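Right, one structure below, let's go through it.
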Amino acid sequence: MDARTVCALLNRIREQKPLIHNITNIVVANFSANGLLALGASPFMASSENEAAEAAKMADALVLNMGTVDEAILKAMVKAGRSAIAHGTPVIFDPVGAGATPYRKFVAESLLEELKMTMIRGNAAEISQLIGEQGEVKGVDAGDLKGNPAEWAKRAAKQWQTVVIATGKDDVISDGSKTFLVHNGHPILTQVTGTGCLLSAVAGAFAAVEKDPVKAAVSAVTFYGVAAEIAAEKSGKQGPGSFQMEFINQLALVSEAEILRHGSFEQIE
Amino acid sequence: MDARTVCALLNRIREQKPLIHNITNIVVANFSANGLLALGASPFMASSENEAAEAAKMADALVLNMGTVDEAILKAMVKAGRSAIAHGTPVIFDPVGAGATPYRKFVAESLLEELKMTMIRGNAAEISQLIGEQGEVKGVDAGDLKGNPAEWAKRAAKQWQTVVIATGKDDVISDGSKTFLVHNGHPILTQVTGTGCLLSAVAGAFAAVEKDPVKAAVSAVTFYGVAAEIAAEKSGKQGPGSFQMEFINQLALVSEAEILRHGSFEQIE
Amino acid sequence: MDARTVCALLNRIREQKPLIHNITNIVVANFSANGLLALGASPFMASSENEAAEAAKMADALVLNMGTVDEAILKAMVKAGRSAIAHGTPVIFDPVGAGATPYRKFVAESLLEELKMTMIRGNAAEISQLIGEQGEVKGVDAGDLKGNPAEWAKRAAKQWQTVVIATGKDDVISDGSKTFLVHNGHPILTQVTGTGCLLSAVAGAFAAVEKDPVKAAVSAVTFYGVAAEIAAEKSGKQGPGSFQMEFINQLALVSEAEILRHGSFEQIE
């Protein structure tokens, strides 16, 4: 695959406007919905157990984000996940803060044992926790990393039979045998809450229009990183408030030409 | 009524700063509160069953939004609604995603049977669902419409003895006998999450200062549409992030002169 | 203390990136997290009872905000608060809308009786309610004030053995014997939802790096007020949407020189 694949999938999203069912947290619900709308997808944020299965059934992808999970949300996630899988709908899992508390460890493991995920998207520390490694998780942010994110992503992908996106300085995508690095993105993303969560939702939109989850994941991450770079350049040194606004703009505006010019990824294995 | 009515009600809101009690969803709570503050109203977002009745009692209007409803929120809505009605306080209902899932259908019908609403505000597809028609609801967005939104609004208003605002390309307001079209607004509103929900809250603020719900509804929709047009013109092609920020600005800044110049509605029946 | 203390503490936050555990409401969760990130702190928004104690244990400060409290959140707050106190972690309490409803009165008193707070941050009306006075609370906004906020702050600090921040035209900080006024800030803060809530979170970040809660509180309020003044000047008459964005920018950008030039507080007792 090359950057033209990214463009092709982006165009499919903008034409098909896939419905993305999100069970997510109170911090990022608004930002995720606005990011998906900007991208051209149609967000559906429904987290009640009473409608989780039906919502997932009608959706083109399901995104499960455990940022402010509790028992009611966990139940809804399981119902939605089972329904999605039964209908062949891709499921993206964002293990926010996995390993930060015993409860989050329990939730992440429960969901992974219960549901075969199409993709897992977390920062490198979160991904390491899913395979029993100890990348430091400080709250929901990655702490110091001693270890090899690409190795963690590969092992997590193998263990959970899924495609893993491990974000960090470079972003790693692995299905356990093939592994890609994406070089796009910008450090200011870490100054805006929910940029990881929104990437998981965006990955859902790409998975909704492309059956090969590695292609979908590499495309989502590349697109997202290019949008961030352009937004960072446009907002300059104005600060994270301006960047956030400009980033939503760029999710709507990024062109094929920009993706072809700036998109940068490679297969390392 | 003409555009001077809109100005008069807007001035009343800015002077009286009515307290608007919102039971709403995790996606739009922040945007709705900021929109109400910009307009000059005072938002009170209280969704616990333990205080729903008291909060509604002290409020000048109550807005019930079922965007991320669950059992606890439904109970709180019923308590708040009964309290508001007992105290003569207007109640605005936003049936977000009505018909998208069986549970949302159940919630919408339960609330409509339990509470006599002052206004219902939904997109045309949602309104159609309230009268057993099948305007397509795709998640929380309107899908393709085959049917007549003005007819749906009129029938829904009759059936539920209320004033209906059905938003779409043109916005329809009907009390079942009188019907208005508002021509203001801008397509970019559909690229920002919660713009429908915020309109419902804004309609609550207008209902708080004007007893005639048709006047209040037409004024709210016209004001909102004019603010959107100006914001769209100011933010130009910068994207939905910039539009969202500018829209909040304009909710605070729109002047009488602008409403008189741009406000555009007509009574069609 | 003088403005150099403010700078010193701000630098400590930017270097140490303290982890701030927030149990907060659906309206301001996103804004609070983004504000803390802009300041240089690391937000952790975890409100489930299942992880409240562990999250508070690992945090450098705990912020309890009762903006949309219900029974589950109240339980989580008590667990988190006990854990924080047991580990010597400062606890900041924001009694949003205290006195607006009987339930909020109950919640505020329960928490104050259960947990020895390091700081309480509320508007003057909310603070008055904590000592049985009747500063008017209109929803979550302060209504008309007849009374003396500095006196209320002092009495509340004595009664609850804590440091009180009472915000208003001038902001008051009192530990019951020493009392400070901070003259910074800007009226447009009242047009953006959650600016009080975010100040409570920011006070948590200052308390995380400074053991003397009066120093921490005066510094937090001064820093915050200077950032607001600069943001208001930069965004000019563009409106509250632009101000909100610029305010997040300034929380990240405010320099030592600006604090030394604009910071304005005095000890009045």
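Just a few scattered comments:
Per-chain numbering from 1; labels A, B and C assigned in written order.
Here is the rule we go by: contacts are C-beta pairs under 8 Å (C-beta built on N, C-alpha and C of every residue); 3 or more make two chains touch, one makes a residue touch a chain.
None of these values were measured; they are calculated from a predicted model.
Rounded to the nearest 5, the angle that brings the Cα atoms of subunit A onto subunit C is 120°. Homomeric contact subunit B/subunit C is classed as different-residue, with under half of its interface positions used by both copies.
Per-chain Cα centroids separate subunit B from subunit C by 33 Å.
Across the assembly, subunit C contributes 26, 30, 244-245 as residues in contact with two or more other chains. By the touch criterion given at the top, residues 19, 21, 26, 29-30, 33-34, 37-38, 42-51, 54-55, 58-59, 72, 244-250, 252-253 of subunit A touch subunit B in their complex.
Across the complex, subunit A is touched by residues 25-28, 30-31, 67-71, 97, 100-104, 138-141, 190-194, 238-242, 244-245 of subunit B.
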